[in-house]
Every structure is written in structure tokens, then in C-alpha cells.
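Both of the next two complexes hold subunit A, though its partner changes from subunit B to subunit C.
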Partner chain A sequence: MKNSVTLTIDSQNVTVPEGTSIADAAESIGIKIPTICYHPSLTPPAICRVCTVEVEGQRTLQPACVVPVGEGMHVKTDTDRVKTARKVILELLASTVNLEEAPEIQEQIDETGADTERFEGGVKRHFEVKEDNPFYIRDYAQCIMCWRCIQVCADDVQNTYALTWGKRGLESHVATFLDEAMPNTTCVFCGNCVGICPTGALKGLIEYRSEQKKEQE
Partner chain B sequence: MKADKVVKSTCPYCGVGCQVLLNVKEDRIFRVDAPFDEAPNFGRLCVKGRFGTDYVHHSGRLKTPLIRKTPQSPGNRTRADSLEDWREASWDEAMEMVVTRLLDLRWRYGADSITTNVCAKATNEDNYLMMKYFRSIIGTNNVDHCTRLCHAGSVAALQLAINSSAMSNSIAEMKDLECFIITGSNTADNHPVISTFLKQAITQNGAKLIVIDPRRTEMCEFAELHLQQNPETDTALFNAMAHVVVKEKLYDKEFVEERTEGFSDYIKSLEEKTPEWAERITGVPADGIRQAARMYANAKAAAIYWGMGISQSVHGTDNALTLINLALLCGQIGRPGTGLNPLRGQNNVQGCSDSGGMPNVYTAYQKLTEPAIRQKFEKAWHSSLPTEPGLTTTEMVDEILTGSVKGWYVMGENPLMSEPNLNHARQAVEQLEFYVAQDIFFNETNVYADVILPSAAFAEKEGTFTNSDRRVQRVRQAINPPGEARPDWMIVREIAKRTLNAISREADKHPDAPTRELDRTIQRNAEKMLANWDYSHPNEIWDEMRAVTDPFFGITYERLEKEGGVHWPCPSLEHPGSPYLFEDDFPSGRGKFFTVEYTNDSEMVDEEYPLFLSTGRLLYHWHGGTMTRASSLDQIWPECTVEMHPNDAAKYNFEMGDWVDVSSRRGIITARLLVTKRSPEGAIFIPFHFAEAAANTLTNNLIDPRAKIPDYKICAVKVVPAESVPTHREGSHIPLEDRGAIKDTVPG
Partner chain C sequence: MSSLNQFANDIRENQISRAALFWLRVFVQHAQNNVLRSDLWIKTGMEEGAVISGLNAADPAARVALLSNYDFFKAVRLKDQKSFSGKELDSLDWNRKYDLSLLPHVLESDDAIETRLEALWQEIGAVSPQDRAFEAVLENRASIWGENIPGRSLLPEILHEAQSIYDGWLSTPVLKRISRALKLPLSDIYGVTEFFTMYYTQPVGKKIIRICEDSACTMRGSQEIQKSLCKNLKINPGETTEDGEYTIEPIRCLGLCDHAPAALVNNTRHFELSLDKTDALLANTPDHPQTRNKIGGMVKIALSNINTIDPGSFEDYQEQGGLAALKKTLQQLTPEDVIESVKASKLVGRGGAAFPTGMKWQFTAGNPPGPRYVICNADESEVGAFKDRVLLDGDPFRIIEGLLIACYAVGAEQGFIYIRGEHRPSYERFVHAAAVMKEAGWLGTGIGGTDFNCHIAVRRGAGAYICGEETALMEALEGKRGFPRLRPPFPTTHGLWGKPTVINNVETLAKIPSIIIHGGAWYAALGTAESAGTKLFSVSGSIQRPGVYEVPFGVPLRHLIYDLAGGIAPGRELQAILTGGAAGTFLKPEHLDTPISYEAFKPIQGTIGAGTMIVFDDQVDLRHILADISGFFAHESCGKCYPCQIGSQRQAEILERIKQGRGLAEDSETLLELAQVMADTSICGLGQSAGWATVDAIKRWPNLLK
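Right after this comes the complex of A and B.
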């Protein structure tokens, strides 16, 4: 049995087993912390930072999905600083990525009141839709680089390792080894990446084609 | 795209029983997801479940009942591939014809002149009704299905040794395994979602895997040890492992004493079966056998998973018995993470067997030869039931040829792709007097039928499937069937009612019929029987089934709705279900050790036919190909391939992609060569999905004497350059290695 740890979240006392993340501890007392890259069946990568919270005594905001609870910790999930951070993260995302097909992120934009046009005029990430196999397409213009597809393909689920990270900075994107077409990689087309993608970046070919047909009509 | 509705159901492909979310818009499935928080797959799917269910929308779906334009006669039965050969009929006409022709045979030749294949793809409810129809109205136990061609060896052995016939442990336990053996199973291709849990047990929990298989399957890349035995030498290898366990005193003395019998005879039989003896037979180094035996016996918990490589053999029962012996010896059963786990093939092959789709048992393996059990079913069905077990599918083929079987009612299934020695099986089908098929597509078998009844696919009906770990799960309707197609249970219900009416009306015209006694019973009870057949929803069929089947009694549709799935045995409504079995005892009381001697009865290679052939499946296709070749999956692997080891390819001067003729003593096929180290030297592998190069043209119809399962994994063949190259199918002009399906290309 693990030792238990007691802390406060938004001034409520909570006792959870050692090693629990702040996000899980918060959820246990009904405080929902927003997440994007986090998925309960994957190792949290702490990339999107929308789950950010304030921990008393810490200089920077902390990603609640990975930071474990500590004895006597005081966590605040709805301070102005936290709210601003979340809002800016969403505004920055919206400035470069097409979020039309990301309903959960759209909801967060509504909730935080993020101004999606705040950073209008910045460089948009532009990628051609990759249609290189019989089963799914990859539209990286809609990719927020949450890392879920890479993890689901690696040791969190499939152990196939077809996906990785390519380039750096604004050009960085999910890629295959040397950007090879999917059929030339280790991909077994399980589509577990498609199932876990939070945006429209990965999509089954049947769905993609029927959408295109509808657009033409 | 926003869905009109999202319907949760169960995947129609393999025995894992993945839960799927069918996203529907305008009566079409456009996306398949999986719920992340539900067993058995927890959000995972494979290529078939996620991208391969579009066959339901294929233009080739059967939409109306069809009747052959040219009447067929025994011996002159022909193939009718074109729609031109058929005329569309009303349900009324088609069903009347089926009933009239079946009763005609029944009255002339007796009930046993008719047989049925029930269907491991159809629901429990569909299968229960069909076997009930055959036993209680037609009056024969000639009910069987493709389990005969699949895990019959495993079931026969499990019944002999412990009186069980299913996986003992659950899929959910896999992530916590400590040590496990995979033998005769290409798990990553054939149970892809199970393989992801097994891989995780290894990469994240440090579990140790021993693969025992002549082929170097993908799981070998995750294994601590791969023992690559010669084909058909499994019993020698497992006996030698047991020899090591006994000699080194690694066995579980307490378990052996308290829970088994036959130990002393068994260990005597192991005396001479040293690893060195086994090395000479199997080609596996004696030290490898010792190491595997120690790993399995010494683990706190160790499980065995096996597939067709064990079962589909003329020694299928013996092979499985040696695995059971090993588990009993080491006490590796009856606890989490242990067990004897035959990985079932079809989505509902477990359920079809559980529903009584076999010639010797009713639901949940209740033996029909036991009077008390038979009387229970007679009472429930208001009929008198035949007392002798019926024919197995493999025996049926021969009985048609001897003339004792005349009529055939096939629900689903495609025996002329899946039976061994297809030319022989086809000759049998040509001899039939009457053949009715119930299917979603034309296939290689039903093109010989007199009548085809169009049925609904998995997404178009309600019911339950039971997966490989005995979990009963719901199948739900997401879309409408095409045209006039109907769910199987509805078709069988109507046929049964019409048959009852016809018997009541007309049986007196046949006073000398061999079925006279049954006819009288039916005439007496007609009203009750008709009322009993008045099902309005599969729920009612399930309720009837659980009322006569103690292990299912606690499982109701209401519970399935709430809990997602329940593992049988589940004898009461309060019972939580049984993810793992045999904690305290076996259904047989004590587990029995069986002495197994290594024998060599399969067809052996010789100068003329110098290579062994093994058959099996690919990740991207399903069995006879009826579904997958009508889906997106056909694009990635559109043609048959012959796997050959690079050393053999060099020896015969072949290269990747060469067209070759493969022939055995029974037939010949033409296909392209795939050079790969997956197959061992001296043995080739051909998947059996492709009608234009049907692997079962080559296989041997030799059968296991106890389980009646054919020897699919071994026969002797030769491979020569193709005499002529067949016309390309769409997509097959792309070089094999560029299609993206082959992940282990070895340069030729």
C-alpha cells in the first residue's frame, strides 16, 4: 500500500495515494482541470500546458497532468494567472492551427473566452494533406502536436513505432522516419492514432472522402 | 463529420470481441471508434475492426431472396456465379420452396439426410434457433460449424482432461502476466488487439515470452526464447518439456496430489522422452527445451496461449493434451495470469459452440446422450429429440458422397474455401439434392445452392456474441439491412413456423415416412410449438436459452446493457461472472493426465513434393475472404502470396514477386512468391483467403480421429515457375514489397 499524501486544492483538503497527479487528485474532489494532450490511456506528455495550475511556493505554473502531489501542497486551479495562461495557450494554438474539427478545444475556447483572432496575421502552419495509404489521411494543418498519436503507436499501446517527430520550431510536425509514406514504415494501419487524435488531423479515408463529396455537392 | 448516431456494438472479425462505436450518417457507417473505458479492448482496435467493416455497404450485398433459374439435380449441380443465373423471388416463395424441399427429403429419406452448418459469425440467438429448428422440428442432430475446422482439437482435449472447452483466463489479465508460452498462434496478425496487451506485459512489466512455432512470427521479436520445431512435432517437444519438469522436480506436488489423477502412469510414459530424444525429432536444441521448461515451471504464474498450429492437426487432440498435461503438472491453472487459453478465431465461434452448434451437445456442452438433459430440452421445446449425435462438417462431406446426406442448409460459412482438399469437397456439394444458403454475399459455396436467402450483417441486427474469453457482449443495430435482407434469427423463425404448419397439414400424407413418430408429436404439440417460436426480439431467444442453460442463467440483456459484458459461467443474477476458471476444481473434478506418444501420420515430403505447406491467415484478411475482399482491406493485400524462406528461394532460383505454381497430390494453384524469413527453411506458408488461388485446394483431408479436425498445417507440395500468369486483379500490379502490408521483407 502506498503512503497517502494530504494537500489542498482550491482550499479543499484532499488525501490521495503518493504519486497521484495533481489533475487526478483534483478530479477526485470534483474539480475538473482542462486537458488537451493528456489521455487517460496514455503516459501524460505534458506538452500542451493547458492543464497548468498554480502551486504555492513554485516560481512557474505547473502542468497538473504530470506533477505529482506533495504533502502539504497548496494548489490553485482558477487564479487569474492560471486563467490567463490557459487563454493565451489557446489563442496561440488558434493563431497557427486549424481547430475547426477539434470540438473539445472549441469548448475550452468558449469557456476561457479566448480571442482566437488575437494573434491574427501570424504564420499559419501549412501542410498538404497526406493521402498515402488505403485507410487514413494525415492533415497536419490541423495538428496541434499533442503527441498522442506518437505514443499510441509506441509502447503505450501498439509497439509499432511508425511515428516520430520531424523538423524543429514552426516547421516541426509529426512525421515518419525520413518522412516516408506510411506504406514504407512499420505501420500496421490499426488506426489507434486516428481513434485518439483530438482534432481532424488524422481521419479515416472513408470519412475524409465522404466529407469531400459533401463539400463538392 | 458529425454522426447522426453512434452505436456501440461488437466487432465482427476475430474472437477478441472488441467493443466498437459505429458512427453513422445517413444510414452509412463512416467511422469506427472504440470506447476507451471498456473491456476487452479499452479503446484499441486493429486494421480490420477500424477500417474493414465497409463490406456492409458493398454493392455485392444480397438484397432479395434468389432462386436458381435452372433446376439442379444431384451429380449435375453447377456453379451459378452470375446474377443472370438467378431470379429474384419473394420471401414467401423462397421460404415455401425451402420448407417443401426440406420436408420432401425428410419424408423420403429421414431427418438424418439433412444437415446444417450454423455460423460462427452469426449471433448466439441466430445459432440457438437454427440448432433448435434442426433438432426439434427436422429431427436430426446434424448440426455443426467451422469450430470443427478450428479449435475442435483443443475442445476435444479440454473436454477429455478437465471437461471444459474455453479459455480459462481472461484478456484483462494479460497485462499482468509474468511468463507465458505462445504456440501455434500468430497472435500479432490474428488476434492483433490481444497481442498489444501481451507486448505491453513484456515491454512494461518485464514478462517473459516463449514462442514455440515453426514460423518466425512477429511475436518472436518480443520473445525471450523462440523454439522453432519441425512441423508436426509438437507432442515430442511438450512431452520433453514435461520430462524436464519431472526430472528436475519442478512440478507442483501439492497441485498434482490434490487436483489431478493419472500422474504415475503419466510420468512413467515420460521416462524415455528426454530433451535429446526430442531434439532428434523436433530439431530444437535440447538446452532450449530445458530452458523453456524451467521458465514455465518456475514462474509464480505462467499461462499458455495457443492457436490453430496446435489444433488444426491430425494430432490436434494430442497436441492440446500435451499442453494441458504441462499446465496440470506445474499447477499453472486456476489462478490469475495462468491458464490454458485457446485463442478462438471467429468473433462468435465460442458462442456458436456455446449455443449448441455442435452435433453432440446442446447449449453449454450439455451432452444430448444424457437422458435427463435431453428430457429438459424436450420439455422446453415441446418435441421429442433425436438421441444419437449427428455428423461433423468433415464427416458430412463424405456422407454426401456415400449418398446418405441429401440436403444442406448453410447459414453463413463458406465451406468451399475453408474445407480441406477443396476438389473433394466440391464433388460432394455437386451431389446434393437440395441446398439452401443464407448469406450476406455470394461466395464460393453458395453459388451451388438452389435458393439463397439474404441476411443482415452484424451492424444490421440485434443479439449477442461471446468472445474468446467467454464474455457475452451485445451486438446492436446501427443501420438498416440492404433491400429485403433480414436478420438470421427472423429467417429461421419464419422457416420453423412454416415447417411446423406444413407438418401439421401434410404429414398424414406420408404415413410411412421415417419421421412418422416425430411428425405425430409435432402434430399433437403444434400449437404450443408455434407459440414457443413466436419471438419478437433476440432478447426473448436469449431468455429461453439461459433458462435451459445454468452457466448462462445470470446473464440478461439488462445486465449486458449495464455491465458491457459478462463472462460465463454466471449461474445467478447476483453472480459477477467468471473471468478465470478452475480456482477450486475442474468441471471433471480432478484434471486427468493423458499419456501421449509421438507419432508421425501426416503427409511427409518426398522427392516429388519436397516442401511442407502450412496455411493460415494474414493481418489484412479474414478466412474465406467473403468480407475482407469486399472491403478497403483488399487494397493493401489484393492477391495470394506464397511465403518462402530466402534459402529455399535461392535453392529454387526464385525472386520476390515471381509467379509460381504450387501443387500437392490434390490440386494446384498459381500465386506470387513472397520471400521472407517468417517461414522456416523447407516449409512454405499460404494464406487461405484468396478464391483465385485457394490454399485449401492443396491441403489434405486427413482428420484427427477424435476431434475430426483436418491437418491444415502440413502437407507436401512442390513449387515451380508458373506455366501461365493469371490476369492481374486491381492493385496487384504494384510490387508486393511496395504495398505497405509486408513489414519483414528479406531481399531474395
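Right after this comes the complex of A and C.
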């Protein structure tokens, strides 16, 4: 059996098995920590940083989705510093990506009071919708770069390696080899990426077409 | 002349592309009893052709020309058995299926048609001289880049070699060839080429002209030079001339700030550009040597050989006392002795983070037995930083000696040196130095006649500042995109390939031989109580004698800026010194009498960092400097974590707007909050520190951004 670890989260004592993440430990006592990139069946990339919490003694805030609990740790999940961090990250995201079809993120925006207009006017993730295969479309203007599709396509599930990253920085995006259309890649149309995408960026073609139709009516 | 001879001649004279020969050969190889179905022919040909470089199998032109111009083939339509030959083949509907066969006269004219075609293929079809060169690289990769190194890690080197063989860029067949050779998915290779700015997957000009756009160079007119070149060549920055001769590519600091304004043409350095010397840029004929080191200082340790020995000569190095430290180490010291000595020296890392070197070595040495590595971080790419370049160019053997001593201390048998991609002359120097040392028995197995074995691999970066961050560098060395890793675990236990790894800066390692010879206490005594030894500073900007200066900690800032670097140009006043690089802080004239040391800089919030000092006189608009710096971070963010991926871009946009005179009342407050969030939540030091200079400027000049 694993050893257990006792720590405090927002001044409440909690005892959990060694190796538990701070986020899971918090959840066990009813404290919900917001997450975006985390998905229980994938290797956590820990890139969105909205799950950020304050851990006493640490210089920077810590991503609760991956940082394991430690004996005697003091964690705070709702200080001003944490709240500001979450709010600003969501403001940044909203200034870059079309979040209309990401209801969970919308909720987080409401909860944190993020001002979605604050960083308006800069470079956005701008792409035309890619409709290049009979199964799904890719609308990367809605892509939050959570890496899930790349991960399911590669080592985490499918070992197909159709997807990768193009460029870097704000220009980084999900890409195929030389940006080829899906049928010219190694893609086997398993649909795992569509299933796991948390936004409207990947969508079944039939669903997309019927939405288009509705919009026209 | 038989029609096959005619066909061969036409290929030799470029009347028809060699792809036609390829298609004929595919037919002969795959036909059963001289029959092959058209769709299978095309499918097989496309597959096989995709990995032959320089061959465009996807283009139907050669295939159609082969059929309709030579009277070799007959096609029988499957649907109705209608037969086509000669010119009729010109207008076949390829959506239908045909049984193709060669006409009797082709088969009869030469009954060993397979042999005949194979000979032709070897002669004019198969392998271009470029392919031959590249195949040799792939075949000999173990001997070129080292045995026992996982295949994937050679990807960046192989991409570099492929580009230099194939006209400066990576075509699809070349990428596919690499994918097969290294057994790597194409998407993965593409992801790497996309991350690094020096790889091209589209054709580029024969000469790529990269003119530095950072402050030391723009202050001396680099932008005017770029403009004038663009005007002459009739292109915009980032474009290639129609004749394919030139590409002009804007680039951030090249680490040649002591020779500003500076540029690279392909891998060649051009110093002190001026509007009347653009011919030398276009012809790529600089009128100066590729390395020129402007140095100075009172106590020369790391700099002691610079400009006094021939950096290509191992004899020179040894005559100046080189190798004495390694010999002493191997003959008289245990690994523990070495670590104790380095700890006693109180040497801290010179790459910016100032971590105690002896402790880093001790942590790494303390792991359970097993493979481990030492890396020399020579990726110096920060704005205004060039002190490592001077060491790399001027004294390569010292750095390798320091690296070997580090390997001995932690029990590593493999070291790496990762050199910034733009510093090709430095890379070549190291390849040469490593070869000479190996030849002389000072690298490899049984070093210096002892039982110490150690290999050193020299590697090139490819245009990504983030790969100076230690975990990103390890990813790059493993052949991946340079994404920084999450920490913990730390490299001292989980570094390169997950093994314990020491990573040290060039200057840090250059100090090691002297510490071994003279002892730790000697080195510690050179500096102040809390800042041991000497430090190199890259001084550039509005300064009379830009260069690299070595000073013991404790001398006043004034000594460095005025006595050594010559001060500000007559008639101008000192405004500020950006210390510690782009993620540093600004000191003012009132700080000139502060001693340079960690403890004296702390209360005035100065930064030592890697030792970068960019000087600004009173004519410089600091708002422009902040806009430039933040643009640098936005350009160099790897894009992994949201706060930096997006935050660095928004910061740059706000500062650019302010620079253009369109500031808003809330800007300062927004910038402060953004910087705090980036510092709190970014994965690595780039994002964490990208807002520091701006925050510092707002503190020192509260009205600057209003």
C-alpha cells in the first residue's frame, strides 16, 4: 500500500495517498480547481496553467494538475495572486482564440470575471476551416493548443503520428507533415482526436454541415 | 538508332526528364508477362518515387510523355478491350483502367531489357551527385557523429547536412529519406523543422542575408542597410529574389554586437557594415577574418589565451600551460578531490542562474552507478550576449579541457557541446579541436594513457534562443522540438535521455582548468566575500570600445564602463545600462560607483545574469528598447505554456503601440499585472523573466510609458 501524505488545502487538513496530485487532493475535499489542458487518460502536458495554486515556500505558483502532494504542504487555491493569474490567462486565451464552442472555458471566464476584451486587437490564431476529408473538419481558429489531439494521435493512444506542431510561440499550431490534407497523411480516421477535442476545433463533418445549414436558414 | 537509344539520349540532353526512365523501369520491374494494370503502375511508381530525391513522381507529365512520344507501349482498356497506341496514348482517360504492355519491337530490339534499363538507371537516372553525397552521410553517421548515440538525436545534424547538400533546403523526398533512415514519423521531423528558424522546407535563395535587427546594430544603422539592400534587390524582408539568388531574412541579435552592425551571409560573418560596403554582403566576401576578439581586463583567467595563441593549434595551447589541469586531475586527483576544489572556489554558473557549480557536480556524481552526461551550453543567443562566442572562437581547447574535467568528476564517459546554429565558425573550430585532441590521445578511450574514457560530441543548434534553457537544450540534443521540460525532476537526476546530467555554461567550464591548477581558495580570493572570482562582461551599445572584459568581482561599474570599455561618445551622456541581458534591469549613472558583485547589485536591483551590459546614451528612446526586447521574447517563446505563448505576444504588442505614441492610460498597470502572471505561471525562465525589464523600467521611470 502506498504511504499517505497529510497536507492543508485552504487551511483544511487532508490525507491522501502519496503521489496524488494537488488537484485530486483538493477535489477529494470538495475544492474544484479549474483545468483546461488536463485529461485523465493522457500524459498531462501542464501547459495551460489555469490550475495554478499557491504552495507555501515556492517562488512561483504551481500547476495543481501535475504537482504531487507533499507531507506538511500548505496549499492555497483562492488567494488574490492565484485569482489574478487565472483571470489573466483566460483573458489572454480569449484574445487569441474563438471560444464560442468551449462552454467549460466560458464558465471559467464567468467565474473569474475575466475581461475578454482586455487584450483585444492583437494577433489571433487565424486559420480557414480545413475541410479536406469525408470524416471531420479542422477549425483551428477555435484551437486552444491543449495538445490533446497530437497526444492521442501519437504515443498516448493511437501511435499513428499524423499530427505535430507547426511554428512556435503564438504562431504555433497543430499541423500535419508539410500541412498536407489529412488523406495524404498517416491518419487512419480513427476519430480519437475529434472525440477528445474540448472546443469546436475538431468536429464531425456531418455535424459541421448541419450547423452550416442551420446558420444559413 | 533503336528507339531505346533515342530515349536515353533525350534524357541525357534533358529533352525528357529522368522521371520517364523511372516510370519505364517501374513498369519493367512490376509487369507480369509484359502486362501491368495502369492503376497499379501509377500507385507503385508514386510510392517508390516519393523517396527518390529530385524526382517528381507525382507530376504526370513525364509518364504521359513516355507513353505518347516513344511508341513503346500499347494500352488495352479493361472495360471494352479497346486498344490504344502511338499518339492515341496522349489523350487516355486516366480515370479508367488499362492493361499496359510494351510493344514487341521494344522487347525484341534488346531482349535483356531489364539489364539495359538498370544500366541506364545507374548511369543517368538513379543517383544524383547530391544523393550520393547524402547517402554517404547517412551511411557513415555513426563514425561522423559518434557511436552509441540514439539515432533520433542525429536528426538536427542530418537536417543541417541535408540542407547544405541540397541547395539550402529540405524537399519532400529528402525528408522522406531521412524519415526512413531514422525510422521517425514524417510529422515528427516536420515538427522539428518548424521549430528552428534555420531549417527550410521551401526553396530559399542561394545566399541568405541575415542582418541583425537588435539595438547595438540598429543604433549603428543596420536597418538602413537592410532597407537599401531590399530596394536594390526589389524584395521585402523575408522574401527571395525572383532569380533565386538572395533571401533577406531579418534576424535578432547575432551575438556579434562588438562588431555592430553585423550580418551573416549563409554561415559567413560580416562585421561593421556600412551603406557603402553592401557589395561585400552581396558577393559574400567580407574584408575581415571570421573571428576577431575585442577583449580587455585586469585579471585574465578565462581570457588568458584569447588573441595570444592560435586557437587552431593544440601545440600552442599546450605551450601556454594547456592540459596541465587535466594531467593533474588524472594523475593526482580523485573525482571527489575535483569536486571539493570546485566547491572551495565558490564558482557559480555563468549562464545566468548563478547556481554553485561544485554542488551541481556533487549532486550528479551522487547518483547510483550508470550512464551520465555533461553538456557544455554554448547556445548563447540572448540580446547583447557574446562573451561565450569569444571563448569558443579564441580558446576551444580550454573549454574541452574543462568539459573533460567535469566528466571525470561526475563519472561521465560522454560529453556534449551544443553550439548556437548561427555560430558556424565556432562550430568548425570545435570539430577541428576535438579531432586533434582525439588524434593525440586526449579524447576517446584511455585518455592520456590512463583508464579514463570520454567522448565529446559537437552539436549545432538551428536558430532557437529557447534551446539555451537547459531542459529545452536536452530535448534538442535528443532530436526533438526544443520545448522546456517540467521541473522537478531536475537534470542532476533526470537529464539527457533521463540520465543524470550536468549542464554548464562555456565560461563556467573555461574557469575550471585554472581552479584545478591554482586551487579553489585562490579563485575564491579573487572576488569579494559573496561573489567569487572573475566574471566576463559583454559590453555593447552606446560605448566607445564594445568588447568582452574580464574583471574580478568588486570593481566599480565605472571601471568596466569607462576605463575598460571607453565610456560614452564625446558630447553624449550616459542614460542607462541594461544589465543582465534582455531579462535584466536598468542601472543609471548614479550607480556607476557601485561595485560589481551579486551582493552590491542586490539593493540597487541590478542583475549580473550572464554578464551582458548594453549601454544607452541620452539619445536612445528607452521605449524603443523595451519594444525591441519584448518583441524578441515573443519571437523566441516556444509556445508551450499559455502565459508565455500569448502573454509575451501581448506584451510586445502593447509596448509596440506605446513606441508608436499610441499609449493608453492603463498600459503600465496592465504590463505590470501581465509580467507578474507570466513570472508566476510560465514553465521556464523565458516566460518567467520576459517582463522583468519592463517592470524595472516602470519602477525607475514611472512616467516612461505614460
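Some observations on this one:
Just so we're on the same page, the second predicted complex is superposed on the first by the 217 of 217 C-alpha atoms of A that agree within 3 Å, B and C clash if a C-alpha of one lies under 4 Å from a C-alpha of the other, contacts with A are read in each partner's own complex, and residues count from 1 in each chain.
FYI, a residue touches a chain if its C-beta (ideal position, glycine included) is under 8 Å from a C-beta of that chain, and two chains touch if they have at least 3 such contacts.
It should be emphasised that the depicted structure is a prediction, and the values quoted were computed from it without experimental measurement.
Once subunit A is used to superpose the two complexes, subunit B occupies space that clashes with subunit C.
By the touch criterion stated above, A:40 is placed in contact with subunit B alone, subunit C being left untouched.
When the two structures are aligned on the shared chain, A:186 is found in touch with subunit B and with subunit C.
In the superposed model, A:194 lies in contact with subunit B only, and not with subunit C.
In the superposed model, A:20 lies in contact with neither subunit B nor subunit C. In the superposed model, A:204 makes contact with subunit B only, not with subunit C.
When subunit B and subunit C are set side by side, the one touching more residues of subunit A is C. Between subunit B and subunit C, the overlap after aligning on chain A sits in one stretch of 188-196, 494-502 or 656-664, namely 656-664. In the three-chain superposition model, subunit A touches both subunit B and subunit C at residues 186. Put simply, subunit B touches subunit A in their complex at residues 1, 23, 25, 28, 30-34, 36-37, 42-47, 50-51, 54, 192, 196, 199-200, 203-204, 222, 619, 632-633, 635-636, 738-741, 743.
Residues of subunit C touching subunit A in their complex: 172, 175, 185-191, 194-195, 201, 464, 466, 481, 486, 634-643, 645-650, 653, 670, 673-674, 676-677, 679-683, 688. On the subunit A side of its complex with subunit C, the touching residues are 45-50, 52, 60-61, 63, 66, 81, 84-85, 88-89, 92-93, 95-96, 118-119, 121-123, 145, 161-172, 175-178, 185-186.
Here subunit A touches subunit B in the complex through residues 39-41, 133-136, 155, 157-159, 181-184, 186-192, 194-196, 204-207, 210-211, 214, going by the rule given at the top.
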